[in-house]
Amino acid sequence: MKDGTDFNLWSMKEVGAKVAHDVQDSWMINVGVGLPQVAVEPLTNRGVTLHSENGIVGLGPSPAPGLEDPEVIDAGKGFATIVAGGSFIDSATSFVLIRGGRLDLALMGAYEVSIAGDLANWRLSGKKIAGIGGAADLAHGARRVWIITSLFANDGASKLVAHCRHPLTASGVVKRVYTEYGIFEPSGDAFTVIELARGVIASDLIEVGVPLSKI
Amino acid sequence: MKDGTDFNLWSMKEVGAKVAHDVQDSWMINVGVGLPQVAVEPLTNRGVTLHSENGIVGLGPSPAPGLEDPEVIDAGKGFATIVAGGSFIDSATSFVLIRGGRLDLALMGAYEVSIAGDLANWRLSGKKIAGIGGAADLAHGARRVWIITSLFANDGASKLVAHCRHPLTASGVVKRVYTEYGIFEPSGDAFTVIELARGVIASDLIEVGVPLSKI
Amino acid sequence: MTYTEKGQIHCPTATEDVMSKTRIYATSTEALADINDGATIMCGGFGGAGYPHNLISGLADRKVKGLTVVANNAGHEALFAYGGVRKVVCSYPLGPTSKGFLEVLDRGEAELELEPQGTLVERIRTAGAGLGGFLTQVGLGTELVAGKPLIDLDGKQYAVCKPIMADFALIKAWKADQAGNLIYRHAARNFNSVMAMAAPIVIVEVSEIIDGYLDPDSIHTSGAFVDRLVEVGK
Amino acid sequence: MTYTEKGQIHCPTATEDVMSKTRIYATSTEALADINDGATIMCGGFGGAGYPHNLISGLADRKVKGLTVVANNAGHEALFAYGGVRKVVCSYPLGPTSKGFLEVLDRGEAELELEPQGTLVERIRTAGAGLGGFLTQVGLGTELVAGKPLIDLDGKQYAVCKPIMADFALIKAWKADQAGNLIYRHAARNFNSVMAMAAPIVIVEVSEIIDGYLDPDSIHTSGAFVDRLVEVGK
């Protein structure tokens, strides 16, 4: 695992395509703030309903230049649009939708995901101040929580872990993790490999600390 | 107290005028289902905002014949109107308004009111089935609960009592009781006389079991 | 995109439509096909205003048995007529349309859970909001909180009110669009817009389904909450 | 009576107008005159959308001190600039407009109460709804429920969330009518319509106060909840 030359790791765009492939057209999806645009791009223009927790059902892509409206923004506070058939709702109703089970999928980034499906994605343990926003509500309320993330943190440590060191956003909620190395599912005592990028070998990942099931 | 010949008891219309006199123009008022129309008439066409718990802010009088709309009814399910400047709200919001302190006055009928301000007005103790509707929420939530009632029940018993025999709607909420004999306020150990109809003598009422304060 | 108000044509919109999961059914019977014996249904309306007559009548046609019906009133005559109801959860079970219920109640064939109207509607909302309950002082010191846990919080006593979970919500709206967005008419909104958010499957009878879409600022219930539509006319 | 939609002209209406207690003020300063040191204010908006800039700026002009500010974000720069804020209750205190807050926080001159966004908005609603709290599982097993009472109900654990009581709500709407009824514009609705029901005194800056009245079916916030209006223009 010293270098990437033997691997054909997925680009973020490819990771996004994998996610989009696994998503059903009828789903309502919340796309987390800060996910790489290129990864979530495949979810637009394919018919799923996007939800933005600040109060948009039917979030569209960014507006054409000159058509920005400061009162049509997404949860990341970027200019946004609403699709035909969409609706504006207040924040209380937006979280009724989230907690009430109407969201088929919350797609989020992560600092760590544990073998128990615990999610840490709002505050690094060393940091004093952080924002939680809607992450805890989304992680708890959505029918499925899928994570898009690089497999390793900047310091080289695996983001898939036995136990999270960073403060939790929610416990036992993550169903699936999409990374450049492959797709993994927490299964209680390890992560199950769903798919690996070409050339990636599970035992190599286990060797560098990724807690995958031994097959 | 054997007959009414010595008294000039107030008519229901006069009782209503007394209530209307004590009400401020800026108040939002809920008028309970079943109160005599003649008693509450003075509250209309004088500018107060009437609330109907099924979802009308700015309840107007009954519609002119031929203009009835089955989707504009009051809490008593009679045909109603909405005044200019009124709004339709859903039932959850309507009770947010009630419990949240936005209602200056709930005007209700009563089976009994106790010296502690306890109110019994939803179920007679002998009756198996009764409806509560919005009475308990209104009695608890409104800033003031005023009662319009005859002073005596059909069996001759005083409706102002030391302790309610009928099941309570809410405890300690009634501020004032308007009757054909006068106006009374629960004061903890008795009812204080605010005003008496002409010829009514407090000690006579005490004699027949109305728990008034001795002056 | 259809905007009904002028000031809003500058709202930035995307070119694509929402892919709604709301399905439009030709008849009430089809929309109700999976409501089976023993189901719990929420039913909108206050008296006759906003009452989903067509859906209830469709349910009666199917002779579904053992229903628990959550509604403000107990006037579900079509269901009582064949003994379809096991339990009613409501705030007001009296009035001319409740005769059918009072008869079965009297014969011990049905059960009543009576709840103050505000507590009833909030328990319905709480189910939809994915919360475990709420604390209220309404009814404290009366039999109206009988059976509810009482807790002390910061020196005050509260009754703990649990969510009312249902399998289906049957409601009535005025206008719907192709994405399932709803507008109610006048005082027919009442319990309908709350129940529209409160059950896993929400079935709506609507006077009119418009072509295109409603103004996104004027919608009472987002299509996100609506599963099935049946157009029933005026 | 002004109806903006055609289908509704048959709504039965009375001849009298509502006598609203909503008062229209000429300036923000006058509308805010009784907000004193130590007050708790709710402040609408999500980022800049629906943020009541004029009211906050008016409050800053008065140099009110020791404020507790309840809002989704911590971007109340005008108030931090002179050290007006003692405590912020919010879900997201980061971002470019929160620098002022982070500085006073760092100097120990202000306090932060962080709350998941959905719990935050529900605690605000709970205050307005006159309830004592609600039960949630959001944040269970994390530090996000630190300090909250935990209770068991029917075999499940919940955190008890208390209402957030405030003295004033400062919000932003798009259109108001003479009775104080409000309509918000697009995604500027967010926390505004919830806070509009949650404080004993609700002060609204509004782009336009129309003559006459809004369509009673299209109103987002009933004038029943609105105490003061200031027209601030676009």
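Letters A, B, C and D name the chains as they come in the text, with residue numbers starting at 1 for each one.
Keep this in mind: a residue touches a chain if its C-beta (ideal position, glycine included) is under 8 Å from a C-beta of that chain, and two chains touch if they have at least 3 such contacts.
It should be emphasised that the depicted structure is a prediction, and the values quoted were computed from it without experimental measurement.
Chemist: Taking each chain's centre as the mean of its CA atoms, which one is farthest from the centre of subunit D?
Modeler: When every chain centre is compared against subunit D, the largest gap points to B.
Chemist: Just the number, please: Cα centre separation of subunit A and subunit D in whole Å.
Modeler: 30
Chemist: How many Å are there between the centre of subunit A and the centre of subunit B, using C-alpha atoms for each centre?
Modeler: Each chain's C-alpha centroid was found; their separation is 57 Å.
Chemist: Indicate the residues of subunit A shared as contacts by at least two other chains.
Modeler: 69, 72, 80, 82, 88-89, 95, 98-99, 141
Chemist: Which residues belonging to subunit C are in contact with no fewer than two other chains?
Modeler: As it turns out, subunit C has residues touching two or more other chains at 11, 122, 125, 129, 131, 136-137, 184-186, 216-217.
Chemist: Please list each pair of chains that are touching.
Modeler: Every touching chain pair, ordered by label, is A-C, A-D, B-C, B-D, C-D.
Chemist: If we count contacts the way the header does, which residues on subunit A are in touch with subunit D in the complex?
Modeler: Subunit A reaches subunit D through residues 52-56, 69-73, 75, 77, 80, 82, 88-92, 94-95, 98-99, 129-137, 140-141, 167-172.
Chemist: Going by the contact rule at the top, pick out the subunit D residues touching subunit C in the complex.
Modeler: Contact set of subunit D toward subunit C: 4-5, 8, 11, 122, 126, 129, 131-137, 149, 151, 153-154, 156, 158, 160, 162, 183-186, 216-218.
Chemist: Given the complex with subunit C, which residues does subunit A contribute to the contact?
Modeler: 25-28, 44-45, 47-49, 51, 57-58, 60-61, 63-64, 67-69, 72, 79-89, 93, 95-102, 141
Chemist: Can you tell me which positions in subunit C touch subunit B when the two form their complex?
Modeler: 46-50, 72, 91-95, 102, 105, 112, 114-119, 121-122, 124-125, 136-144, 184-194, 220
Chemist: Flag every residue of subunit D that touches subunit B in the complex, lowest number first.
Modeler: 1, 10-14, 16-21, 125, 127-131, 177-179, 181, 197-198, 200, 212-214, 216-217, 219, 222-225
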